[in-house]
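Two complexes, one shared chain (chain A), two partners (chain B, chain C).
Right after this comes the complex of A and B.
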């Protein structure tokens, strides 16, 4: 056997365990789910069939259709607000904070990133509740006569999400910003650009990869998350993941849960296609 | 402009830290509701959760699942990265794509797929099932981190060892692993924190023995309580400790 053939065989042997794991515990379950999405529920029994009735139902049933719409709205809103909040924060840390304090500033800016996801949503429930810190403060200083309900509304869900994803985007935009040579800004200034023009016309476009990478991650994680809308938004309006969990819980409707999951995946794939030319995942 | 920048920085820090501060402060609340006015401090809620058998079991389960699943993901990812870095296999790009693929799919969907498969083959929900799911989500992460840190230098050293007669396992154990130690450690700890904190897979794939996030979830059902704050604060401190250790040891070397 030639050396090359032996090397190749050994290489394949090293890759095999990981590939087999992904095949058995990811690809096969996924294929099973695709098959399941074509089945239907008869009483409480799953009957395998091969039709698209679940998908047809998703796009005709008002509550299911609304779930997709609610998810898209919340995700778009969260992504937009998070980018708007994170960009100036990342920029200030990268350009205004002295170099030796930057790592510390960044560490503080993403500290709650490391708290448990469930606990973080719970903490916002504490803050936003009717008796929470914010309402007590606002009514205490007389800005509000009565507490306003935020919990169990979309505003609570969005606040919880924005908190998390502002941290994520600050990281991706910051790591983009510090890789930029200061010469760009200097050159633009020498050519007569005002400070705001430098930011708007030079720096901002150069951070598009960082913005897009963060925005894509935000979109994917936000639209697939069950915890935040469940804890903060409650059951008043359901998002796509909440609907999926509802199918499982209430009547064990695996076919419909699978079909909804595939719709969720299709949305994520579209988002990837739309942003892929800016994505720089490897540079994170 | 300058003042505005600092004001914005402070305001954002306030927004970012607010929930954590509220969480920790009201874990020392004396009365039964973790809302203002603050009437502590007391440690009674910490005493209560330490005496809570179910909670402590969930904590141990979480540690166990995180340790074992991260170790498995690390080994599989390390072997695969070594194999792919070693020779140009036919279809390398495709293999890399397949190994990374689970990263692009929501945890909820991975959990649902596994749940259905385990149901089909008659495997009951358990910590093992959860661990399997955690390897699925962490394997791409470990693979990507390790593969990205394998440069030419690394490959040359491996080749030299092989030419000098080292067996494949000796190359991996004595040459590759020590050279890649920082990224191996980074991959392991990241995988560990992801598994330790993971909710939806554990929620769908466990039943009687649960992990900590699932146990916390069921604590939430009974409403707000300083006991939940206390658990949250402890989990937070553990995670921050891990991150600080990483920051002070591994990442310092990159000279950042």
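Right after this comes the complex of A and C.
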């Protein structure tokens, strides 16, 4: 056997476990879901067929269409707010906090990850409620005459998400920032750039990979999340994952749930395509 | 490792390991059956571990059965009015009616028309209650709650929560419009569309059991349409102001039943479990389950329940309540789909 052939065989042997893993845990389930999405519910029974009626319904039924739109709106809002909050926080930690305190600052930043997701969402429900600490404080000091409803609104859902994803983005942006040589800023300042111009024209573009990686992760996790809108949104508008759960848990409509899941995957794939040029982990 | 250390390690591991039982019984249940206080006496008496899986809504339960192999499940809890649906699809096994204590049941909730198909018993009712109005009497005029119309009056706008289960709430909206639950067909759904959307507009949230309890307990809302004793009873100790009533238009009677699943490999054990659940002791434990309370169907459970528990369950008022309550709507597949579409539309409105 030639050396090349042996190397090819060794390469195939090394890659095989990963390929088998992907085949078993992604390709086969995905194919099953795709097949199921082409079936339909006849009365209360799932009948295998090969038509696109579920997909047609998703884009013609106002309730289902709205679910996609609501999910996109919430996800865009959460991603934008989280980036706006996370970048300054990461920048402060990376450049203004002494190196020996940065680890502690990051530890505090990721504290929310240590609690259960469900518990965290229910905690927000108590904080944002009419008798929660925010409304009690605002009405107590006279800033509000009457409590304002936050709980069971989109604002509550967005708040719950932002709390979580700001921390995630802070980590990705921070890891990008600390790799930047201080010479970039010095060179820009030597050439007459103000401090604001250095941040806007030099630092910010250089942290774009960190921002986009975090934004993509936020987008994927947020648009696929069921718990936060379910607990904090009060079922006053349904997101795509809530609609999927409704098909599964309430209607027993597995074909429609599969079709909606494929739409969700398609949205995530589009988001990946739009951001893939920045999603190179080695640039972080 | 010395022998002594090994023994200590083994003893510690044994302490953490679940108790070993000779057999397993697999039950498809609602959350009230997951209470260890209910299951443990049966497990110990029969040397069996009861493995439970919770589900919500008959459609989901039937889909689970459809995707399971015969023998995967031994017993299941199901809405009494939906027993026929399960029998039609061959999911339930016949039960020996002469071995069930239905003679001791409240007659109104035996529901033989629903649990017996072609003269053969397939399920037995086990617990009942009402989907009606639950409210905080410290914040709501209790007299207002004597009519469903109060929810559409504007007086409680923003203070209402809707229980997130389409069958009882659509039934209640129908009652407000003078439509009996048995008449809630596709044409009737058109009539209740507008009142349903108005109710949503006046409501703060649409919530499941836990979120509804939280909303009432924290004062986020003051009225819950679709609520009842099953929701307020577990909160009674913390907040005695949480109350419920059946308004003049009526309320909905929910009745859950327990059945043996066709294909079970342990029919004797499954039957023993059903007999335990319908026995006075099992009934009392099920009635006061940590997940939600409800009236036991077996009157003999009154001898096991305390006076306080019976007062919370309104034991003495049942005759009057039962006379004013209607059964859940029993939609055919097409009407059920139309109901769920209307419900989804309401949620998205």
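Note that in this section the second predicted complex is superposed on the first by the 255 of 284 C-alpha atoms of A that agree within 3 Å, B and C clash if a C-alpha of one lies under 4 Å from a C-alpha of the other, contacts with A are read in each partner's own complex, and residues count from 1 in each chain.
To be clear about the criterion, a contact is a pair of C-beta atoms (placed from the backbone, for glycine too) under 8 Å apart; a residue touches a chain by one contact, two chains touch by 3 or more.
Values in this document were obtained by computation on a predicted structure and should not be read as measured data.
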| query | Which partner does A:103 reach: the first (chain B), the second (chain C), both, or neither? | reply | first
| task | Could you figure out whether chain B or chain C reaches more residues of chain A? | result | B
| query | First (chain B), second (chain C), both or neither: which does A:155 touch? | reply | neither
| query | Should A:254 be classified as contacting the first partner (chain B), the second (chain C), both, or neither? | reply | both
| request: Check whether A:67 is in contact with chain B, with chain C, with both or with neither, and answer first, second, both or neither. | output: second
| said: Contacts for A:234 in the overlay, against chain B (first) and chain C (second): which applies, first, second, both or neither? | reply: second
| Which of chain B and chain C A:180 touches, first, second, both or neither | neither
| request: In the overlay, answer first, second, both or neither for which of chain B and chain C A:126 touches. | output: both
| note | Residue overlap on chain A between the chain B interface and the chain C interface 122, 125-126, 129, 131, 231, 248, 254
| request: Note which residues of chain A are touching chain B in the complex, please. | output: 4, 7-8, 10-19, 21-22, 25-30, 32-33, 36, 85, 88-89, 92-93, 96-97, 103, 105, 107-112, 114-120, 122-127, 129, 131-133, 136, 163, 166-167, 195, 220, 223-224, 226-227, 231, 241, 244-245, 248, 254, 257-258, 261, 264-265, 268, 272, 282
| said: If we count contacts the way the header does, which residues on chain C are in touch with chain A in the complex? | reply: 55-57, 59-60, 62-63, 66, 85, 89, 158, 164, 166, 204-207, 211, 214, 218-220, 333-334, 336-337, 340-341, 344-345, 347-348
| note | Seen from chain A, its contact residues with chain C in the complex are 41, 43-46, 62-64, 66-67, 122, 125-126, 129-131, 149, 151-152, 231, 234-238, 243, 246, 248-252, 254
| remark: Touching chain A in the complex, chain B uses residues 1-2, 5-6, 8-9, 12-13, 15-20, 22-23, 26, 33-37, 76-77, 79-80, 82-84, 86-87, 89, 95, 98-99, 101-102, 104-110, 112-114, 116-117, 120, 132-133, 135-136, 139, 143, 148, 168, 193, 197, 199-200, 204, 212-213, 216-217, 220, 224, 228-229, 231-232, 235-236, 239-240, 242-243, 247, 256
